[in-house]
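Consider the two complexes below, in which chain A is the common component and chain B and chain C are the respective partners.
For the complex of A and B:
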């Protein structure tokens, strides 16, 4: 570690992993509720489990992005963090606000939580992914602004690199688009239209900049390839991302009341969105093949390559599958959507955070890389989680194809609940794959506790 | 990969391309918003619908259901539920009659203990959403 203050990242990464475990536990609970409908009812209804699952995901990814920034920005800027104390303070505020919100979901009925937090003053609750009480949302804004200030000052007063500029652009975009979470008109079409400015412009816009910057940083470090080369790739990737992804928002505007021209704009531009993900895969393999040194952290390289491949599969391939309007007409809001959501979030954002953790955590613990035993265990967790996520996706895709056929495509469409019972087998298989994912996650955590042997520390 | 296509060119495409398409997106959004009055059934919005949307939100209905295809996939689409059930009264009766302890072995909807006014609001809200021009989605009444 070049700068002392980089070590605040450790706190963020530990919290991220802890919340990840919570996310997956609730995923497994929901997977069971899909087949045993009244499991934990009425104590943890499905909608509560779902909020916990998705909100924990978002919060831990944000912890991951912040940790990644605190780690890589000082090293890139060649100076200590502007205010390490602020990073620590914001960490505890964010953790506390996050934990309180999740406990709120679990301990009080949602309507009660809305009342307690005075949702009526500025109603923002009760929309998918944005279920947080308004005061939590305000808290998120404050934490993110403080974080941006800290990271921004470090960049501006230090060496500016393409990696940090792109990262900062992505993070600023994250903050700006989140502000649309506060816009909640009664008009459902306007509500939905701008809701996507948070959700789509995050995952298919500014978050890809963050992802690209983190990937570029890790690849510079582990391959030793010339920065100029990597920066050019990064520019190409993010150019393609925004050129396709901004208008690509239109793939959510087909059936929610927006004008019909969105079927053309949305289909054409979102069909281009896989390209930046494909280029990212080319980039990662190309750079690793041209490596100028053998970094002892093999497993970090595995994560970096895995991210590129899985993001392309989940976002690129599974996204393309249902993005053309005539196809989306049938698949909209089915298990196909869930299949894609899972592999895309895992492949792109879970894996990029695990990549930077894999690279930086050993360094923050005082070694270049972990010993062979710990690395092998971590590789096991990589394969267990990644392969089981592939199977979760495949089973949900199977369920989705049947659902679309039985409920929407055949000449004698069946009711929703009738169809759900018919495709139960796929949900059972998804649940088994989910349990294996959880085992993979446990193995991942175990890999941090393997006693370090000093051989590779050089 | 070298010389002919430089980093500077990539950077310019990034800045120029992003700015251009962001502006195009704003323009399209402006046009969309101005076309919406003819499409989004806003004339149906009244006090009851407003209350209904609030009830919909503070009970997190979207955590199980889809509405115009967005939300969760655990329970049926509700954008067209008034049509599917035939009347708002039938929708209200369904919501009202959910057993508090659930239905053994089946996906169960919570009993929200809504007042008559709130029930009417949700039903009016769902009817209003049903009047949005969705370009013919969903493909059939099953949602």
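For the complex of A and C:
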């Protein structure tokens, strides 16, 4: 580790992994509730489990992005972090606010939570993924602004590289678009319209910049390929992301009451959204093939290549599957969406965070790379989680295709719950794949505790 | 020795004008426009009468003048590249300025055309034909602006002596992008304004 202050990232990564475990536990609970509806009722109803599952995902990915930034920005800027104490303080505030919010979801009925947190003063609750009490949202804004200030000052007073500029652009976008979470118009069309400015422009816009920057950083480090080459790739990826992704928001405007020209704009531009992900795959493999050194951290390379491939499949291919308006007319809001959501989030964002953790954690623990035993264990966790996620996606896609046919396409359409019973088998298989994912995650955590008698030191 | 000569001959023969990155970008742009053109054709096939009727409300003359402007401007960037290849940076700057002026002329005429349509109450929601007309021409309009920005950046660098007869990749990069903007218009103009 070149700079002492990079080590704050460790706190963020540990918290991220902890919350990841929580997210998966609730995922497994919810997967079971799909087939045994009253499992854990009334303690953890389905809607609460779902809220915890999705909110934990977002929060731990944010921890991951912040940790990644705190790690890579000092190294790129060639100076210590502007204010390491601020990074530590914000960590505890964010962790406390996050934990309190999740406990709020679990311990108090949602309507009660809204009252307790004085949602009336500035109503922002009750919308999918943005369920957090207003006070938590304000907390998120404060934490993110403090974080941006800290990282921004480090970048601006140090060496500026394409990686840090792209990262900072992405992080600024993340902060700006989150502000739309506070805009809650009465008109439900406008509500949904701007709700997507947070949700879509995050995951199909600015988060892709963050992902590209982190991937570029790790590839520079592990392959030793010229920075200029990697930066050029990064420029192309960003340009393609923004060309397709911004107007691509239109693929959410097909049926919400927005003007019909969005069916054209949304279809055309979002059909191009797989391209930046495809280029990212080419980029990763190309750069690794041209590597100039054999970095001892093999498993970090595996994660880097894995995230490029899985992001292309999950976000690119599975997104394209239902993005054209005439197709989406039938598939909207079915298990096909769930299949896409699972693989895209895992492939793009979970895996990029695990990539930077895999690369940086050994360094922060005082070695260039973990010993072979720990690396092999981590590779096992890579394959267990990745393959089980592929199966989760395939089973959900199967469920989705049947659902579309039985419920919406056939000459004698059946009711929602009737169809849900008919596709139960797929939900059981998804649940089994989910349990294997959890096992993969446990193996992943175990890999941190392998005794390092044969570790690689510089 | 002999093989080195051959190698350099091959490189000259298959020389890619400009930076590889701009070509990736150009092909991505062409793909977007290509999908737009296909969607237009597909949509028109189902609404031939509507498309023909409203196509007649478009101003073919200003479209034709704009076509001439862009083609001429494209010729100017060719001259700019030739100039820098012979080491004449000042002439390169002049030709680039002329090319940018051509783009500026295009924008002025296009704005007048848009203003006329808007004053008649035409909007994206009026009908499918106008939706395509407005969105495709506006999307292209934005590309003209981007192309002019790129050419201006090249011009500034050329003026400060950033290019020479051996190092002119940047000029070719800007010129390639500008040709793309031109090419798209050459397809767009007949497709939307003329063909019935």
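One rule holds in what follows: the second predicted complex is superposed on the first by the 456 of 458 C-alpha atoms of A that agree within 3 Å, B and C clash if a C-alpha of one lies under 4 Å from a C-alpha of the other, contacts with A are read in each partner's own complex, and residues count from 1 in each chain.
Criterion: a contact is a pair of C-beta atoms (placed from the backbone, for glycine too) under 8 Å apart; a residue touches a chain by one contact, two chains touch by 3 or more.
On a predicted model such as this, the values are computed, not experimentally measured, just so you know.
Looking at the shared chain after the overlay, A:92 reaches neither chain B nor chain C. Within the superposed three-chain model, A:239 lies in touch with chain B and with chain C [touch as defined at top]. Once chain A of one complex is fitted onto chain A of the other, the partner contacts of A:265 extend to both chain B and chain C. When both complexes are overlaid on chain A, the residue A:279 reaches chain C alone and has no touch with chain B.
Within the superposed three-chain model, A:119 lies in touch with chain B and out of touch with chain C [touch as defined at top]. By the touch criterion defined above, A:46 reaches chain B but does not reach chain C. When the two structures are aligned on the shared chain, A:383 is found in touch with neither chain B nor chain C.
Overlap of the chain B and chain C interfaces on chain A: residues 232, 235-236, 239, 243, 259-260, 265.
Across the interface of their complex, chain C is touched by residues 232, 235-236, 239-240, 243-244, 259-261, 264-265, 267-269, 271-272, 275, 279 of chain A.
Per the touch definition, chain B reaches chain A in the complex via residues 1, 5-7, 10-11, 13-14, 17-18, 21-22, 24-25, 28-29, 31-33, 35-36, 39-42, 45, 49-50, 53-54, 56-64, 66-77, 100-108, 110, 112, 128-129, 132-143. Put simply, chain A touches chain B in their complex at residues 33-34, 36-38, 41-42, 45-48, 50-51, 110-111, 114-115, 119-120, 123, 125-128, 131, 186-190, 192-193, 228-229, 231-232, 235-236, 238-239, 242-243, 246-247, 249-250, 252-260, 262-263, 265, 329-330, 332-335, 337-338, 407-409, 413-417, 420.
Interface of chain C with chain A (complex): residues 19, 21, 24-25, 28-29, 31-32, 35-36, 39, 43, 124-125, 131-132, 135.
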